[in-house]
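Chains here go by letter, A, B, C and D, matching the order in which they are written, and residues are numbered from 1 within each.
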Amino acid sequence: MDVLYFAWVRERIGLPRERVETNAATVAELVAELSSREERYEAAFADLSALRVAIDQELADFDAPIGDAREVAFFPPMTGG
Amino acid sequence: MDVLYFAWVRERIGLPRERVETNAATVAELVAELSSREERYEAAFADLSALRVAIDQELADFDAPIGDAREVAFFPPMTGG
Amino acid sequence: MRVVVQETPFDLASELCGFGGESMGAIVTFTGVVRDNAQGNLIAMDIEHYPGMTQSALTRIATDAADRWSLGDVLVIHRHGRLTPGDQIMMVATASRHRKDAFEAAEFLMDYLKSRAPFWKKEITRGGADWVAARDEDEAALDRW
Amino acid sequence: MRVVVQETPFDLASELCGFGGESMGAIVTFTGVVRDNAQGNLIAMDIEHYPGMTQSALTRIATDAADRWSLGDVLVIHRHGRLTPGDQIMMVATASRHRKDAFEAAEFLMDYLKSRAPFWKKEITRGGADWVAARDEDEAALDRW
């Protein structure tokens, strides 16, 4: 699946998107898996209350199942308008 | 003093403004005086709840004193915007 | 603040040129347009006003809005004379740092313009001509403020 | 209904040309403008977005508004990329027969665009660069609806 990062999440992790092979069942499991990789991921995911997630371009919760999602995106609260 | 009429009040009375010499102390007294003149005035002033009044271009009540007003205007509720 | 009463049409874009300046983040506009009536037979809308009072009444309403909300700018334009369906009747614009102030002030201006500015509308239809009656809900809308 | 995401500027007047048509009496617009920050040292505002999601998120917000209020037309334009103080960031417009619907729908659109459309703003100042934090009151504003 593709994992996308926006705004300061992108800056902290250091890339806008990457291909991730995972067996994570939920977003939270995916976050745990990424956080265990390297410090920059751990730093980016340190406070989940400061993050939002979208599964296949729809806002979702961190306990949502990933299923066969093609795309999961992490970003801070949106500041449109 | 000048008495002005707008919208259907103007149409019913048949003129947009006239010079009136009066000793009326209040708007209500002025209305009574005008109504007693002719039927067209009586018809225009028949229902005061359907009318508004301005003294010297400021909205006022029918029991307001006229004092030395230069201009009293009668019109239906406004429909701006 | 700018308050204009005119017979001629106005152009929203020109009126808004430079409106608010660089320190205002939010601009709200309301434009009133002559719409056809329920019967679909409106030929024209005649707008009568009280020339001596109109400018001062509109200015007072705009000043009240500026006193009540934090506004960088306020614009009110109201036309009079004969208009036809699709014509713009009036507009208000408000500029503020935040959208809440800009929206509320524009709604306040509209509520007061409806019931406290000396304009009267007459619908000219194929069947005749009728003065537009003030609506109770327009009077009730003032209770919000 | 029209929803546009673009990098280039937009012109309010051209966008509103013919908007709403002759049966809509009320047109409300909101325009968001890049304003200088409190320190007065803003050089630019970078607006990042999520290309795959932006259009669909905006369209859903506009559709929700059209379902909820009686609207003759809805327009949403949101820019991305680098903007400077005074630049227009985005606009919404609503057309309705009555002003209440047009105002409420425009406020609803703005409240949702603020917190539910995938845009992120970064302020570039002489002192550095900082992501704009979401404001609690913007999230709280959604409770109205």
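In this text, a contact is a pair of C-beta atoms (placed from the backbone, for glycine too) under 8 Å apart; a residue touches a chain by one contact, two chains touch by 3 or more.
Keep in mind the model is a prediction, meaning the values are calculated, not measured.
Contact with both subunit B and subunit D is made by C.
Averaged Cα coordinates give subunit A a centre that lies 72 Å from the centre of subunit B. Subunit B and subunit C have centres, each the mean of its CA atoms, that are 26 Å apart. Subunit A and subunit C, compared by their mean Cα positions, are separated by 48 Å. The set of subunit D residues touching two or more other chains comprises 32, 99, 110.
Multi-chain contact residues of subunit B (touching two or more other chains) are listed as 81. Under the contact rule stated at the top, the pairs of chains that touch are A-D, B-C, C-D. Chain contact summary for the complex, subunit B toward subunit C: residues 4, 6-8, 10, 54, 57-59, 71, 73, 75-81. Interface residues of subunit C facing subunit B in the complex, by the touch rule stated above, are 32, 48, 50, 52-53, 56-57, 78, 89-90, 110, 113-122, 131-134, 139.
Only residues 11-13, 16, 20-36, 85-86, 97, 99, 102-103, 106-107, 110 of subunit C touch subunit D when the two sit together in their complex.
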